[in-house]
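Presented sequentially are two complexes of subunit A, the first with subunit B as partner and the second with subunit C.
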Partner chain A sequence: MESYQYLIDYFENSPTIIKVVWVASSIFIIIIILLVIYLKYLRGHLRKNEKIVTKHQKEYESYLISYLYAGNEEEEISEEQQAIIDKLKSCAVDEFKRRIIVSTLLRLRNEISGEMAEAIQKLYFQSGLISYALSQLKSKKWYIVAKGIRELTQFHVKEVHDEIVNFVNHPKKEIRKEVQLYLVTLFHFEGLKFLDVLQTHLSEWDQIQLLEVLQHFENQELPNIKPWLKSTNDSVVTFALKLAKIYNQFEAKDAIMQLLAHQQKVIRVDAINALSHLQVVEAKDILKNNFDKLSLEEQITFFKLLENMYETSDEPFLLDHVTHINFEIKLSALKTLKILNIEKFKSLNEISDEPDYVKIFNFIEHN
Partner chain B sequence: MSDAKKIVLAEDNSTLSRLLKFRLEKEGYKLLIAADGKEAIELIEQHNPDIILTDIMMPFISGLEVISHVRNKLKRDTPIIVFSAAGQEENIIKAFNLGANDFMGKPFSPNELVIRVKRLLR
Partner chain C sequence: MNTSTVQIILLIIHLLFFIYAFFAIGSYVILAIISTIETKEYMKKNSFVNYKEIMSSTISPSISIIAPAYNESLNIIENVRSLLSSHYVNYDVFIINDGSKDDSLEKLIKAYDLVKVDFLINQQIPTKPIRAGVFKSTNPAFEKLTVVDKENGGKADALNMGLNISNNNYVACIDVDCLLLENALQKMIKPFLEVTEETVIATGGVIRIANSCIIKDGKLLDVNFPKKWIVQAQILEYLRAFLLGRMAWSRLNGLLVISGAFGLFNKKIAIEVGGYDTNTVGEDMEIIVRLRRHMEEQKLKYKVAYIPDPLCWTEAPDNYKIFISQRNRWTRGTIETLRKHRKIAFNSKYKSLGLLSYPYWLFFERLAPVIEVIGIIYFVILMALNEVRWDYTVAFTVLAYLFAVLFSIVAIFSEELTFHQYKKKGTGFKLIVISILEPFVLHPFILYAAIRGNMDYYFNKKKKWGEMTRKGMAKAKKNN
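Take a look at the complex of A and B:
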């Protein structure tokens, strides 16, 4: 008791700063103790949860494997299979268990092909799991709708196409992304028809994901991209230009050339790049005649195009621009000129004493 | 059953492992399941299987390391079939260079796997 009194006296007689330090330290110690207790509880809870998940997962794995091997040729669904379907149906009522069933089915669905993959698909329908995914589409919470669409994509449920298409212009970008992936994953290039009605922005990341999915299909035949090149949605036009380049859509060259007069600079630049990739020679004259009206970025891209498809007739145009104020244009003009006419190139040695020009000339001459 | 040919299956997807175990045991093989490369190596060293089926991407020790261990350290010519997801062409080439005998891209048909196992054990 005396020692406690000593501590109290010590605290009371201490300077204010020391008191503050003691109080702050005590508060921190209490917070740390509470956090440790909470973390211990959380860890225990997570481990318990993990054990329950593992237990259920094993149970559903057994059901699934028994189902896959319980079929016979006489009946569409054997008695044993029907018993498993009933068990899964009753388990699926609980959302927690339903999530584990779905993940178990998917874990196998993604790894195997052939009859068994089809059987898993069938089980997804028979056990009524699909109705839960469909009901998620009616949810007011956007992330539940997105999860529902993703599940339908993973199980290749083509039958709900019309319901999914309704979400194409949904205000939430996450839902739009899932819709786009659903359409392209299940309907391949035909699924791209959502671009006809897309009014919202198709982000760069969305475009990359769509292209990634498309490249896996055996049939690489693209539908007509011209309507997308004429879309009022600029992001659709940008995506269509990417498709034109990747899938060498030479037949769309006229529609691409029209984009040279598009009001958005970024689309005009992308159009020049696409024309360069497709080697559309006709584009050169149009761009040459309007060269002074082009933005600097378009001019630079045009010179890249010339590097890609130069002709002897381009020589005068290149000569006019070897002393252009822009470094990249100067470099590109001299580089192309050297390939076209080395003698002419050498004769340009002293036409300018501007440091950049001299540097570029010397670099190209020796490389 | 003691004459049954032994197969070590290294696969971290427990559902797929159980399915393949069920399928291959129906064909009369004895299956030893490993959930990762480390367990696979232990099973291979202990049981000297007749064939090894391994996924390439696994925790702790990859399928490539399992192949390398069997061929270079244990100096065994046990047939090896590797599984790999799409887009891992580089790993498949590495697996063949290390001594794998066959390859199956995921998703694959379990029935096709049985045919390939039978062919390699002939």
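Take a look at the complex of A and C:
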């Protein structure tokens, strides 16, 4: 009791700053104790959550399997099926449970095919889950809208196309990406029409994703890409060049050739790459005649093009550049020359004693 | 001097210490708040990312993993297997055997069916010459692997060799003993492909401690919490640094360091600035500062990105001798880098780099141990003069200690709410215990190592890397 009183006296007689420090320390102690208690709860909750999720998953899985086998030919929905739909409907009110139902539906649908998969798709509508996804589109929070679009994509809900298209130029890139994936996943190459109106940048990451999705479709008929090659949105042009390469769009070669004069270097480089891939021989002379005006990157890419479509007539040009200051150009010129005219190549053995030249020459000679 | 003058001087000293502590604590709190917001945002955005498409796409950009190895014979086979098990499609692995004196090369040749090949290297950055040659595997299963055997030149020199030899636009510079998760490359490449308004020059990843974890065939199977306090305390320290510090610096575009254990670089720009500096022991920090300086001087928009996911796991020192040696080197690396780039300091031409990042590192990283030691010496003098105000001493010490504990607990929370790696029952309690003990079991040694680092920097210029004995992550479990 005495020491307790001593502490009170000590505190009361201390300077203000000491009082403040002790008060702060007391607050820290209280926060630490509360956090420790909460941490214990949180860790327990996280562990428990995993178990609950597994339990619900099993429960919903058994509902779904029962649903799939409870159908009969007389009724569109059997009594047993209706009971399951009602159960799912009541569970779906809870967001946590709804998430598990949706993920279980998706997992099951991806594991099966044919009529069964269609039945699951139907169940998504019957259980009212679609209305939750649609309502998410109206949310003010970007991640809820994105989640909604993703779910509609996963369940192939084509009917909301017009609503989704409104988000094409949404300021949040996550939403734009989901919209693009929705359109391409559900409407395949037709879905690419969003490129006509896209005002924002289509990142390299997004482009790769879209191209990967497109490659999964049986019908690989690409619409006319020329308007995209002429787009004022540089990222659309880059994407169109990728499409031209992957889908061998030889008919777009004139539009691609025009891009050799594009103001963006990166597009000019991509255009040379595309022309090289499509083996557009006409591009060679244009590039050769402007070679000195090209940036180093374009020059290197052009030499890669030459490696791909060399002709005897290129020999003088190659000879002019075997001692180019750039390592890659030197390498490319000598490599191509060796293929074109081995005797000429051998005669170049001693034209330069520059270390890089000697190294490249020896390497090409022996490989 | 009369008594009042002495008292004024003492008051000024006290005030300076107080102001320093106030700003240090203030900056930690601000960084922690920004980090928390940023991590939350990252987690939300990341939930919409589909890494599978990028991983399997043949048009995704190619990445070269460059891993320097010096006398790593004990674990080299296992480590290379781990590097070869990435799920990313377009990547290759360059092991740069930096003049190892052990049988690393022989082991690699045998294990991976390597044969010597002719390899043309564009020597854009000067390095020590090739020793035994360049080796590729005859086994198609290991076609991604290239081993370069060169004369010893240090880690930076080996990394420069990797920059020269790689044909890809992106290079992941990593420590060979690190364990990369299978999805590490696709996560690290994302900022390079996603950020459109500025050029991403490098991406840094989080380093997690693998001591006691179960690793098999180069894969992380189970995350365990180590038994040794020194390792536990380092786990806590890493959580604080990565979850409550670097995430904020990334948000402020002020990251000055990417851990040398794992970073992904835009190769073209890394070569443009001359690659790694071979004259420093802090080459990981130095290259980032130089890259940033280069971009600022060129007036180019840029970003050093940061990925908070636990992608790279490494073995941490489990004894104080090695720990002190490691921290000594980190201190010297920081001093060398800050001195070399002192032009940046408080220079508005370098914007936030000169006015925010550099000053922060100077005051709260470089000078913090020095000021702490000055404080201790000053306290001892006051004790000798019987001038200590014990009521102040006790109150402020308790407050500082409680703040340290609270800050660690916040870091634990951040981990639990995001990546939740330490799931096992009882680990939460251990983390709390180590938060309470860490100021006693780790901090004094960090301080000692930093002072030794300062002394070595000024008085022992010959000192270079120091020792780092590996037990091997697969074997570490038994000992920790």
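One rule holds for everything that comes next: the second predicted complex is superposed on the first by the 315 of 367 C-alpha atoms of A that agree within 3 Å, B and C clash if a C-alpha of one lies under 4 Å from a C-alpha of the other, contacts with A are read in each partner's own complex, and residues count from 1 in each chain.
Quick note on the criterion: contacts are C-beta pairs under 8 Å (C-beta built on N, C-alpha and C of every residue); 3 or more make two chains touch, one makes a residue touch a chain.
Since this is a predicted model, take the numbers as computed values, not measurements.
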Subunit B versus subunit C as contact partner of A:242, first or second or both or neither: second
Touched partner set for A:34, first subunit B, second subunit C, both or neither: neither
Touching partner for A:358 - first (subunit B), second (subunit C), both, neither: neither
Which superposed partner A:108 touches (first subunit B, second subunit C, both, neither): first
Touched partner set for A:22, first subunit B, second subunit C, both or neither: second
Which of subunit B and subunit C A:117 touches, first, second, both or neither: first
Partner chain in contact with A:281 - subunit B first, subunit C second, else both or neither: neither
In the superposition, subunit B vs subunit C on subunit A residues touched: C
Subunit B/subunit C common contact set on subunit A: none
Touching residues (chain side subunit A, partner subunit C) in the complex: 10, 14, 17-18, 21-22, 24-25, 28-29, 31-32, 35-36, 39-40, 42-43, 46-47, 143, 146-147, 150, 174, 177-178, 201, 203-206, 208-209, 211-213, 235, 242, 246, 327-328, 331, 356, 359-360, 363, 366-367
For the subunit C and subunit A complex, residues of the former touching the latter: 44-45, 47-48, 50, 53-54, 56-57, 59-61, 118, 120, 122-124, 190, 192-196, 391-392, 395-396, 398-399, 402-403, 405-406, 409-410, 412-413, 416-417, 420, 423, 425, 428-429, 432
List of subunit B residues in touch with subunit A within their complex: 13-16, 18-19, 22-23, 26, 86, 106-112
Subunit B partner contacts - residues on subunit A that touch it in the complex: 57-58, 61-62, 64-65, 68-69, 104, 107-108, 110-117, 216
